[in-house]
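The chains carry the letters A, B, C, D, E and F, assigned in the order they are written, with residues numbered from 1 in each.
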Amino acid sequence: MAQPNDFFFTGLHLTGNTSNSLGSKVTPANVVQIPGLNTLGISLARIDYAPWGINPPHTHPRASEILTVLEGTLFVGFVTSNPENRLISKVLNKGDVFVFPVGLVHFQQNVGHGNAVAMAALSSQNPGVITIANAVFGSNLPISSEVLAKAFQLDKYMVDRIQAQF
Amino acid sequence: MAQPNDFFFTGLHLTGNTSNSLGSKVTPANVVQIPGLNTLGISLARIDYAPWGINPPHTHPRASEILTVLEGTLFVGFVTSNPENRLISKVLNKGDVFVFPVGLVHFQQNVGHGNAVAMAALSSQNPGVITIANAVFGSNLPISSEVLAKAFQLDKYMVDRIQAQF
Amino acid sequence: MAQPNDFFFTGLHLTGNTSNSLGSKVTPANVVQIPGLNTLGISLARIDYAPWGINPPHTHPRASEILTVLEGTLFVGFVTSNPENRLISKVLNKGDVFVFPVGLVHFQQNVGHGNAVAMAALSSQNPGVITIANAVFGSNLPISSEVLAKAFQLDKYMVDRIQAQF
Amino acid sequence: MAQPNDFFFTGLHLTGNTSNSLGSKVTPANVVQIPGLNTLGISLARIDYAPWGINPPHTHPRASEILTVLEGTLFVGFVTSNPENRLISKVLNKGDVFVFPVGLVHFQQNVGHGNAVAMAALSSQNPGVITIANAVFGSNLPISSEVLAKAFQLDKYMVDRIQAQF
Amino acid sequence: MAQPNDFFFTGLHLTGNTSNSLGSKVTPANVVQIPGLNTLGISLARIDYAPWGINPPHTHPRASEILTVLEGTLFVGFVTSNPENRLISKVLNKGDVFVFPVGLVHFQQNVGHGNAVAMAALSSQNPGVITIANAVFGSNLPISSEVLAKAFQLDKYMVDRIQAQF
Amino acid sequence: MAQPNDFFFTGLHLTGNTSNSLGSKVTPANVVQIPGLNTLGISLARIDYAPWGINPPHTHPRASEILTVLEGTLFVGFVTSNPENRLISKVLNKGDVFVFPVGLVHFQQNVGHGNAVAMAALSSQNPGVITIANAVFGSNLPISSEVLAKAFQLDKYMVDRIQAQF
């Protein structure tokens, strides 16, 4: 029988630990944390940004996203699909809202002087996250350096160096 | 051609005017405000509550909701469908999250000492809102007092009095 | 292996017992009664009305409804969502059909001289029913009288009296 | 602005004219007749059967169906898909209900002594109907007799004769 | 944990055995063969045709189809639903593509001088196939000859003869 | 009124021109080329690969894909989402099939001695393609080199050099 705690989660007031190379931290509240979200097609995430921290280019394979800034100033954008690859971007201040359509590559960058915080909602109870750099250069096993060299127009030595960092 | 402003909205940082009989104010950010949300199945709303203000019992005919408290303390709940009609409820503080499944009657009540603020996400670009009291007692034209008297086990005089207030 | 009885139900010819305070009775034929409806997105219900009986204001959280009158005369209606709250209504005689869009508050009232019977179809194998009065004033545990007093613009004493009846 | 008549249809009480070679008549109430059904995923149809009339083998390309007998006795069935092609069938009397899953070939046959009437609900506002015999032997232009001869294991002369009747 | 073989199938290069009365063979690659297709809404099938072989009139209850000719020449078509029953058809050569909308009766006929091969994609991981002749004349148990005689405007003797062949 | 050509396309037999830096060419057959695919949730694409050509890492924001090799030998793979980022890969020969779930980064590489050809089916009439390298390093306007440097753990000089090539 359904219980209140099946529909409950706590912790979105807590500042995420941004002491990492990207200077950002995502705290999710989706069906993994909240079983009552099953089949409901919605979830939340809090995102913290150190000064000049970024939420790097990523996609959600099963969700559109709408984000609002709770604190600070973010430069945000998404890139349209082939063949245009247009960057649709905006500087957002507190209370501003931006939309990232399903599956498109998007990112946020803290361009203010202090920390920044955003709240994001996603149109799936299990949206998934694909961090582009990790999926492409940091997969386990690695994508062959020949593929990546051609795709990114790099020499293989450079690809190996990038892969080594992930 | 898509422009950044098609995906942008500002104003969710602004305190809603709660000087009304309910002591609450909803500021929506859905496809009416943001045309780029079309077909994306997601939207946001900010809700402000005066001390002891309420967001009265209501439903969203086309969306589930996930809500997080940004400030203050809320008592929130939803009622399951027939035949149980169980109230699933919880006191929420800052950073707590609660889920309201699609179509179920739900409400929030400020039970803290100051103002409260919540951010809600909905699984539709056009979720719709049915405020139960207004739909039932305040419709234009009114539902007949005979129907409402039987439904709510009231005498017709009482129904007329309630309807007169809406 | 699928058997005919998985897709079969009997009993929609039987007059429902309307000896209750509402003067109506719903006989459902959905996935609870007919396992073969699973995933098929459809179900039926027969509704019987004593003279002047009502099917009180209610919603289906997961289904639209189309209803036809088999016998008698019904006054039917639904209320549009905020901010209009318009009542869309009609008197229906035998063979007339009316539609109740997903999630909207709707009702039927027998306004003829004898019994009435309707057949309703719903766009879900598990549509759910929320009887507004029961969900709002008769939930278990009760919604606080403070919330209901504000929502319905009643004094708390009145709310307690209504709740006591459910 | 939505009007009651957008959600209204009349005529499902009228006996359909079954003076035709099949001895049956379908009276639909879908989005063609009721514009308010648009996007709602539901529709109705009344079916009249002369004694020993049939609603011949047909499919709905976009809907499951649930049918109840209002009057008379019907033999009904559907055939499962390849490779089983099992006939799932039942004799239905007044008040009995049967389900025809989306896209499967199904039929009804009046096996009682008088007229029969059924009410069918379909999980689409625009279900479509494919009467198998007409689609296969009566299309305009005709499917080649070579194809039909092989498919139905008939000689071409026989196919031509069947086609000539449609 | 997901493994490559969950997403893999082999055999679509193999010529299907067309030594049968229809002169055709379908080799499917759907969720039955490839468990990783679960929930993904897509599948493939290879179709081989002996000279003058046919893929007889059939429907997919849960999928639209797009087909391309890899080798040979096919006459293909589908029939629109009631009341038009129009045959929409085309002769296809290697590299040509044709679409069969969900649930509609369609077929292919080898009209070239040698074998033909097509690759078909379907918009479901489990599209289902209803071979019209088998479902109608070859079901187990049989549809009554009275129903089929009326539906196809045949005498019962003829129906019995057709049924006997399936 | 629907015409055969609304459902028809020609050209999937033609070898795509792979004289480009990637050594591959995609020839699509989706709703842009075939208007009759509208709402049907399916499309095709032919992919040609020069020896050692690649179809570089990309995603489809609105479709799963199933691919079969018509000629040659491909190394194919997709990367699971965070946090695993596992590469699920396989060498495919003629007649082999592989699945790429919706939204995941995937690629193909010709690892045979001659040209290779694949046919891919996608679960949308308008799947969209996001070539990762182009979206990330070749967008118009560019994503800031600060963002990309942090995301890919590169120095800005290197990012500028990569961007300059797109």
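Basically, a residue touches a chain if its C-beta (ideal position, glycine included) is under 8 Å from a C-beta of that chain, and two chains touch if they have at least 3 such contacts.
This structure is a prediction, so every number in the text was calculated from the model and none was measured.
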item	value
Starting at chain C, fewest touch steps before arriving at chain D	1
Intersection of contact partners for chain C and chain E	D
Separation of chain F from chain C in steps, with touching chains one step apart	3
Identified repeat of the C-D interface (over half of residue pairs identical), from A-B, A-F or D-E	A-B
Between chain D and chain F, centroid-to-centroid distance (C-alpha), Å	44
Euclidean distance of C-alpha centroids - chain E vs chain F, Å	29
Cα-centroid distance, chain B relative to chain C, in whole angstrom	22
Shared interface positions of chain B, touching two or more other chains	86, 89, 101-102
Pairwise touch network: line, ring, star, complete, or other	ring
Interface residues, chain F side, partner chain A - complex	21-23, 52, 54, 56-57, 59-62, 75, 77, 79, 81-82, 84-87, 89, 101-105, 107, 109, 128-144, 146-148, 150-154, 158, 162, 165-166
Of chain A, residues touching chain B in the complex	2-5, 7-14, 29, 34, 36-37, 40-44, 63-66, 68-70, 78, 80, 86, 88-90, 93-102, 119, 121-123
